[in-house]
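Two complexes, one shared chain (chain A), two partners (chain B, chain C).
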Partner chain A sequence: MTSLSNQRWWSRPEFLLFLANLVVYFGVLLGDKQHNFGRAASLQLLSTETTMLGIFAIGITIVIISGGIDLSVGSVIAFSSIVFTITLHYLSPQGVMSKDGVGVWPLLIATAVTLITALHVGVFHALLITRLDLPPFIATLGTLIGLRSLGRVIAQAKYQSDKIAVSAPDVRGLYNWTWPLNVPGVERPVLIRIVPLVVFLLVAICAIIIMRKTVLGRHLYALGGNEDAARLSGIRTDRLKYVAYCLGALCSGLAGILYAAREGQGNSTNMGMGYELNAIAAAVVGGASLRGGVGTISGTILGALFLTLVVNGIPNMIKIESSLYEGIVVGVVVILAVAVNQIRGRKFGS
Partner chain B sequence: MRSLSWSNFPIVCLAALALAGCGSETPTGSGAGSGSSAPSADGSSSSGDIKIVILTNGSSPFWDACNVGLKDAGKELGVRVELVRNDASEGGQIRRLEQLATQDDVKGVGISVLQKEASGVAEAMQALRTKGVKVITIDSDGPADAREAFVGTNNLEGGRELGRLAAQLRPAGGKAVTFVGFAGAQNAIERIGGFKEGAASAKIEVVETKEDQTDQTKAQNNVTAAIQNHPDVNVLAGIWSYNAPAITDVIQANGRRKDFTIVTFDCEPGAIVAMDQGLIDAMVVQDPYKMGYIGAKLLLSMIKQDQAAVDELLHGKDFYDTGLKVIVPDEKSTLQSPYRMALPAFKDWLKEKGLTGS
Partner chain C sequence: MTSPTPIISVRNISVRFPGVLALDDVSLEIRQGELLAIVGENGAGKSTLMKVLAGVYSRYEGQLLLRGEPVRFQSTRDAEHAGVSIIHQELNLVEQLSVAANIFLGRERRGFLGMLDERSMNAAAETLLNELECRTPPTQLVGKLRVGDQQLVEIAKALSLQSDIVIMDEPTSALTEAESERLMRIIARLKAKGVTIIYISHKMDEVFRLADRITVLRDGKLVTTVLPAESSPRSVAHLMVGREIENASQFEPRVPGPVMLEVRNVTLAWPGHAQKFRLRDVSLSVRAGEVLGIAGLMGAGRTELLECLYGSSRVLPTGEIFVNGTRRNFRHPAQALAAGVALVTEDRKRLGLFADLNVGQNITLCQLQDALRAGFINNRSEREMAEGIVEKLHVKTAGIEARITNLSGGNQQKCIIGRGLLTRPKILLLDDPTRGVDVGAKAELYRLIDGLCREGLAVIVTSSELPELLTLSDRILVLCEGRVTGHFTRAEATEQKIMEAATARQAVAV
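Here is the complex of A and B:
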């Protein structure tokens, strides 16, 4: 932390990543012969994908900074979608499939129930790690596998299906409500998906304040940097682990609600499959170290934007069979970004 | 060197920004600059400006044949075509549809809808249509109000035919298990429903439908579990293309071929080998080549607002039936079907089309 705050702004990893984002963005703009990239529809997609990824990537960043890892992100998203939609079916059985919607209270209660459930998943992770001394990799690997299955069992028991459909406009509105934003140089207003953006901004602001301005944040960095030293200096490391895993799971729970709204269903089968890797990639590209103690929320946000730009830039650069090359390009770019970060870190000693 | 690069980097980026800013205002020449990607007033947009995309449900080899048909149509019609393979998730289909909505050159999309009830997929299809993109469903239908037409098999009839074949092979009746990726997919609902109807003539009862979420290892495990959990089952029915090799691999490994009648949908390369080895009794085969070929042709006719060509394909309906083939091991087979074709003749047909499966 100290070394970072002493760095000049232009040599900080976030600034370099910001420039890398600009280079990718304008590189794709130049390379896109049909000029689809940078238009209103493209900017809408970029903002949506970045905010959705950003929400749970911020959660995993807190866990990584504290020296842990959470492999269950995708499964928590899927499980949360089931909890959310089942609760809605229970509270408003007529409303979930009607044009009238479910109403404000069922929506709020279902959100609260989902977040409380996600919180319990975080508590369960921390319990396994602190009480049973399980490595975080194993503890969260267990829930990565188990939660999807549990979600399917619950859904099958109640609705004889793995997927629980919800088409109420107010639920779908959590993803579909848009706000026209005039962007200079763009031919028409960009329809920003407002709820994911607001949730993302709230999560980001809270996380930045926690990690930068509070004792809790400093302790999380200390825990990730050297757990023994942190414990010897009087920090209650076990409690901090509860906080880190609960915050991580809460972010995944929020994402689960938004993904349920996006798909129009709770889906424990294949929703969020592999998203933990996207989140880890965003955090690592953003400068977080998997050894713990290093990383920033702003870096992760820029990392999420970077990944989104690359993934969505590919179809604009490679016009035919772009999906074939997507994995190669993203893989190379992630390795390059992290390698540059590492080399830069060695040079500047940060 | 280091200080030089740091100090210059922002300037280089700003220069790139300025350059790109200029570039972004360059007219596209394809109508994209004005946001108008519709055909010209006479309905005759140049085919070279048009890209037609088929979005799959998963990545089964079934789609290879569709891709060949799509590419053949692309060459013949002079349009750019692409088969985009989905990751077998609804979220993946929504993301890819949203991505396609950002591509102004994409004027037609065919999609194999993974889950009809997933309103997110239907809304993403609607959003494309609102933008002026022609949307049809291919192989598996979606909500009628989210697409212009459906190009594919009459899945209900295909399922009935599969059931009738099982009934001919097991006239004394029995119990069956069906295997599928997602039982909620529209084609799965229709095929399984049809199978039950067709098999009922011999009092064959479906005791379980096992889902594998297109995970092929799980598809094999499901077969193992089915023959263990239901000792009285004597008919195994594969509903999606990869279920055939999954069933035959497990049955062969367990040395229990003579205990089961095996009937399957579609024909992956592995299924052809399995039928050659006597491991499959009959296959109901769709024509994914035709789905790709006709799909592209129909979409281009719609894009060009050529109503006569659309009518010629659809005959006033919103469904183009790509037809069925019932593949039996050889000419000596006693199985009866109006769609019957022996395996050697089917192999010749595949060779003629340059396909390895269908």
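Here is the complex of A and C:
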């Protein structure tokens, strides 16, 4: 009873998505006349983008499975970057700009403060949804708009600037610390970013275990599938919503710390802009249903990889500027992927 | 009487649903300008017949003649075109739109440049409403109106369609006395204008006051048509039940144990509704090893009563509920389950099934803690739990990994009962457990309930089918409009007595 899906492994969406990933990868590899794709730099980009997107896409997947939606992902990332950098400035005013770094304790404390703040955003969402009966869309739309502005207000009040710079090497190292991985057939070692990868793996493993092997996970599926029936089955549906939105916000908080390390600053103005939509796209491409009750963590991870592959791969084949056409490509891919799922679902008669 | 050709002739109409014959070869003639009342138990086929007449169902056998011409409506719009309007029990209005907008919905009057001609529609709506003694301004939002006024909006809509045949499906079920009186006057006025009215109700006093003729349906068949002058409410109630006592299939007498559940004066408010209370001063008790049946027509409060006992009612009831001697007014189903009370809900699809979970996961959901090893769900333990229930309740399934939606209604119901049983309840509440279940599976569910009861469970079962309650129950409590109007032991109970109590509008002095 490990699988929630009743289909054979070869007809499950995860496997099809895995095949689609291979097809896109090798398709681009063959079609790329300049031979940029498949080199170390592009592999490094793929792995980094997938892990970063994967972290917060896993969070939103949990919320979507529970029958909700979290539009605040990008804003929570931005707000978390502000909280993280401000806390570092507060704990180690000299260290943040020096070559010596801030030290282990300030890093750990700032991380904890950021995650606790993110947790409160999740609590706030669940409070609005359970106590005031707000639709999740509205509750998280409010924080999507509000948090970004709040981050700027805090930054302006404290540092008279929208951006809070941090150049300490140990903070930047959260993103920059790499490990050379030798991939056969690639000209030089691929530099894997260690911290994002480890965070991603931990988040992924925890989420997979929670969703597949715990009562909590099963109850989240039940809540998303049929909320009334879940309540009548003695499931404390309100408490469960707190858990779902807190897990979602925590993942965004983690991503916010890593983005702050990447940019070397806390930035509430344009960091993470629109990332909630990329996260939702990864989840639905991975088989999650916005109606709730359906979806898997592994599907979302493959969905994140697929989106990253398409966005970074297709421009290599048809000589276009990646950022210019990214939106069109992602839009088409999302619609296609969900349409394929819908048609398959109809065939299975759900 | 007034015209030789009947305005509607129903000729040998049958309607089949999967597993049920909802209407069985019904023939009926309705005369121009008369008020024909149609009465019958829940599930007798009243609503199905009306839906055929109003074009909701177009798949039926037999023939429908309108003013002597054969017709087959494909949609309610077809029927409206032909002058047949239906006023459903659950009103079909858009609450966010104004009264006038609802009356002209889909037939909006247009003026300059095709824009809505609000003024003309409002004026027309006002004239119609005035005819109906309704003082509501036509610009008012329908959602702000009381149910009685909403109903008048529906009637105004029917009038604006120039309908000369109006079907009313239990129109007074949600009205106050004063609103009902007004409706009676309006019906009399419509009749005077020559409108033919088909009136569905199970309230004998109304039927006898209004009807020119009364047609009785039972089990999808037309029993007879009587004239009010030559009949009595009592004899019509008997005709509705019909079947002479067929209690042969009763189970061996059971030996009840100690009282497991006692309910004293439970009252459930109904905010914003004319009836004010869904339940009024309900008291009952159930012993271990005993089945208490709860009878009542639609809207009598059966489901609400079970929700109060299970702690799932949105509005908190007042009164006292004792489980095993301690006072327990549950506020959440989790508390009820922990105290040994389990509920199997009436609306399986909406409130019971998890379509995205498989058969096994549907069964184990409430008691997953039993399958935990070191905090994680152990596949083998979960499988054993689920397979235990599949075996014990004889669930027919391709396996516990099958889709729950691929099971038949009866087998889905067994899974949900099994989900409740895994919580090791002492009191099992079953809300209409055989709804939508075919005949063979029903008998199996009866044996299952009897067996569980003999294992010492206290069972409360509601049903809209009287023979079912007579088969299962040791005692039967009858509800009518939220009050207890009858209480019978198995020896005393007959379908006639229960039906009389269920249609009595005021509480019988106890």
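A few notes on this one:
In this text, the second predicted complex is superposed on the first by the 337 of 350 C-alpha atoms of A that agree within 3 Å, B and C clash if a C-alpha of one lies under 4 Å from a C-alpha of the other, contacts with A are read in each partner's own complex, and residues count from 1 in each chain.
As a working rule, a contact is a pair of C-beta atoms (placed from the backbone, for glycine too) under 8 Å apart; a residue touches a chain by one contact, two chains touch by 3 or more.
Please read these numbers as outputs of a predicted model, since none were measured by experiment.
Judged by the touch definition given at the top, the superposed model places A:E276 against neither chain B nor chain C.
Counting residues of chain A touched by each partner, chain B versus chain C, the larger count belongs to B. Contacts of A:G38 after superposition on the shared chain: chain B is touched, whereas chain C is not. Of the two partner chains placed by the overlay, only chain B lies in contact with A:N267; chain C stays clear of it. Of the two partner chains, chain C is the only one that A:N226 touches; chain B does not reach it. In the superposed pair of complexes, A:D162 makes contact with chain B only, with no contact to chain C. In the superposed model, A:D170 lies in contact with neither chain B nor chain C. When the shared chain is aligned, no partner comes close enough to touch A:E14: not chain B, not chain C. Across the complex, chain B is touched by residues 10-11, 19, 22-23, 25-27, 29-30, 34-39, 41-42, 45, 48-49, 161-163, 165-167, 172, 175-176, 185, 187-188, 259, 262-265, 267, 269-273, 312, 315-316, 319-323, 347 of chain A.
Against chain C, the residues of chain A that register as touching in their complex are 1-4, 6, 209, 213-215, 218-219, 221-222, 224-226, 228-236, 293-294, 350. The touching residues of chain B, counted against chain A in their complex, run 2, 6, 9-10, 13, 16-17, 19-21, 23-26, 28, 30, 32-35, 51, 80, 82, 84-85, 87-91, 94-96, 98-99, 101-105, 115, 117-123, 131, 182, 184, 211, 213. Taken together, the chain C residues at the contact with chain A in this complex read 310, 312, 332-334, 336-338, 343, 345, 350-358, 360-361, 365-366, 368-369, 372, 375-377, 379, 382-383, 386, 400-403, 405, 419, 423.
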